[in-house]
């Protein structure tokens, strides 16, 4: 059977939440597989990550090199190509780095490529049947992937639930010597942090989040009123930022902030995966949307089909009543 | 020189010593003026054609009404009165000024027809005219310096104040009057002393005052004064004549022409290029106004004629809410551009794009085409055509705000700005409940009808506005009109598409709709959407005549076909908001009011700004997608006006007004205190129906309300 | 600078309702309106702006059939100098890797300094750019939201990463970049502009012109095949509140209180 590898992204010595999810995905693909985690980087941070992921993986390959201090998909690909056995199945999280690394990696490994995997059956012979979505999540599809020469799969964060009883205690192997020298046509210069807004949405327990359904800048006040009544903050999806109705610092999603609130009110948000990717920690999600078929209703705990421009002010009045807050 | 005047000498010869000087000044003045005017004509020659030479009688009529009759001036009482007096004075003084000028060269000149008694009456009249003009100048100067009417102010982004220049000109005219009066007064004083038949100086007029003051002055002094006054008069006259074309006073010369050549077909839009048919449009290299020379000669004449009175901007709703647009400065900036790039000497024109230099894109996109500026301008300047032309230029260059690109794209693919499916366009009429009480037939060739109800996009797709559609259908049904709709074959009327400069897309929509309309065989069109009404009336050719639903209801009321139940809520005070495209652009003010007044017990008040002074709600069509930079919503200002008038229900007759006003009620914090209703909805609600029909109607109403969200 | 932008014609996201067809195995395609993939449009605008800044030529290319010419024309109306349609029956059924190989052959026929694609299309693959770069051995960067030309040999680019942060890198030319939406404000293309380019010739390229091995493309070579479309049964899904607005507000307030939202 093909070996399964999971590339682990990490920050400041802490592995990304997706690490355990990749292990779970690997289990789904092949219940008997001894999955190997691959971690690149340098210094003590790298060592910490390797120790941290041992519990979820049978083996951990550590690749240390100064050139790998920053995530550079070009260099990492070169390293992986040197160490990966032919016909491997490689799992990467489908986010900024995965999108950068995985397609090119599949070409260099001469392996099949499927992105944004939501679900999968177990391997059958040389094939893998995978579930994906298209059209912004409006339809799903089954895809058959020929894995006879391996595969590179990017896995949607949150699609596979990490197993609770993982205590594998994998060996850490140092593969740093096998990668040779690393150069690439792309060189990291620096990271520029996003401008800090007045509100840090990652620190709020309740978020009133608005999407395109708010329709225009002036209506943002409707959401702010509700947020004020709930002691919450207003956040939003990407289209609201693109339209310049709110600053970038308010954006929840894969290209915005990752939030872990207790309660998330998704108002007029369709529920594209890039947005949902920014919501972690399994909060209580309330979805209010005019469109009963909006994908958000699949992930929400409570759904209401209504026009947020009409519904929110009424909810605000009710909340004020319950909390004893006078109207403005 | 004056020694010779010691003796009694014919006064007319007092000027003779200066004859050469005066002649020289005449020639210099006339030549300079001719040269200046010729230079001012250069950009007109370089500009685009504009056929304004037809229908001379109608044009002459406008001159009589707006130029001679100063028709628009009384809209601002103080300034209007002042100007009417000044204008009347100038007209009256014209012959006198001419005579005075000639006298310096030909001492015995008398204007033909002004000899004898008529001459005396004329003298009396001009004495007073000069006095009145003088007093008006003083009043105007004081008004500028002390009272400073807000509309004369120049916001910082438009440059320095114009006060100094204004006062300079006012002072010069005052000096002209003084010079003329002194000229007459000195002569009359001398004549009186010499026992000659004194020329009449009418009591308490300026000349009379001079005559009285100089009654005992010596003849030599009088001679000096006479000569000096004459010289002053001539110099001031010619200075003014040559200075006027350098500023707003040029309107003195250009106003007659500007009004003669003004637009006769109100509410029509200028084609992309006069003389270029629709089929030839594809051959044009460029659409719209990009450089100054892309304007037509009449537009440039407009810029020359702007008197900087500020009435347009004072009434412009975009200006009132802090958008970057001020119509007055559209004219003034363009005029300044013309002066700068077409100077008296030297190189002319530089072909730079106007948008991005003297105008900003937002300035041009901010206009809702409400027409308040054009309704107000006493010189009949045209603004909408210029804005649309500049938008055409921006669209041609791809310079369209992102917020407008999506709806334009949707209009192209789906025939409506929302991107909704064509086949769902008639869904508003085909709900089961509605079908039962008012089946609406689709005119798709299998059956025709006398009347076509043109619904247009917002009423078809917006779930709030769909109730206007249903109300309209039920009214047509009630008055027994045989009608149908085009359904999926109907596309957006394209009214705003055209006014936002996308002429090609508009033409495609128009041609599609016109074909569908002609094929359906209807003899009349009715609509509840004033924008669609305006498009079908003025932008579309060869389609049946169109009416607005308010006209149908008013007719029904008059004929007795429509009877209303009394108004239910005795505490409601209604006010009618005139939609721009129903009222100001198409003159339909009274029918909607007649409908409201026919509802027994309905209390109605008028807002201060009503009829052709109505304040735009914020605009319709594509304007609903544009994201302007503004301090406040126009709709919010409007609902505040309604509250000020004592109303708590705003009635309007346009779905776009409804969107903006209902929105504004929330934003202004007046929810629960103010509501809005469409005229058709209100009429439909109040129509007295009989028996089963009435019951079914009230059931449908309840269902409509729950669908619309209560 | 010679810039190539790979574009794709897709069902327009905001002007269509995506539903399953009657048979339940594909989406209903009857009344779809198509337009250029939105990120690709941003890529073309970026190419035009770069070419305007440093001088150059922009070519747009797509793999498809006759019906795809319309988006090439639209981008040419926007300002692209040339349009190329890669079409051949042999290409049908290609997976992402197949498309990338086809584009690779096209790129190698030309002399492009910079190749741009949109970050992803409606199928969410986000793969062609990265694959193309690896096949050509060109450096690659995805999610690019800013391009600065340093000199004829390299660019300074910004990539969008988590938290709205930007990762700044230097990248050698020739390279491949996948462009994220919001990088610029694409100019408007109206009907008039499109009509003006309605008859401009668009070169077609097939297997022969590109010297491709037909066995490497098309359905037979595809390693990934879509089997169907479906709408999953709302397994988990939300508890839908179905009362009147007032009732829903009440119930929601109760739920929020239970979750600690209304202290």
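The first chain written gets the first letter, and so on, giving A, B and C; residue counts start at 1 in each chain.
In this text, a residue touches a chain if its C-beta (ideal position, glycine included) is under 8 Å from a C-beta of that chain, and two chains touch if they have at least 3 such contacts.
If you're wondering where the values come from, they're calculated on a predicted model, not measured in any experiment.
Counting C-beta pairs in contact, the chain pair with the largest number is A-C.
Summarising the inter-chain layout, the chain whose CA centre lies farthest from the centre of chain A is B. Each chain gets one centre point, the mean of its Cα atoms, and the points for chain B and chain C are 48 Å apart.
Between chain A and chain B, the centres computed from C-alpha atoms are 58 Å apart. For the pair chain A and chain C, the distance between C-alpha centroids works out to 21 Å. Among the residues of chain A, those touching two or more other chains are numbered 306, 310. Annotation for chain B: residues touching 2 or more other chains are 709.
Among the residues of chain C, those touching two or more other chains are numbered 245. By the touch criterion given at the top, residues 11, 13, 18, 20, 27, 96-97, 100, 119, 122-131, 133-135, 138-143, 156, 158-172, 175, 178, 180-182, 223-232, 234, 236-241, 245-246, 248-250, 252-253, 255-257, 259-263 of chain C touch chain A in their complex. Remark: chain A residues 216-218, 221, 243-244, 306-307, 310, 313, 328 touch chain B in the complex. Residue ranges of chain C in contact with chain B, taken from their complex: 12, 14-17, 31, 33, 35, 78, 185-193, 195-196, 245.
Against chain C, the residues of chain A that register as touching in their complex are 71-74, 77, 95-97, 99-108, 112-116, 129, 132-136, 138-146, 149, 184-194, 205-206, 230-232, 242, 248-249, 251, 254-258, 262-263, 284-287, 297-306, 310-311, 314-315, 318-319, 322-323.
Of all the residues in chain B, the ones that touch chain A in their complex are 403, 627, 633, 663, 666-667, 669, 671, 709.
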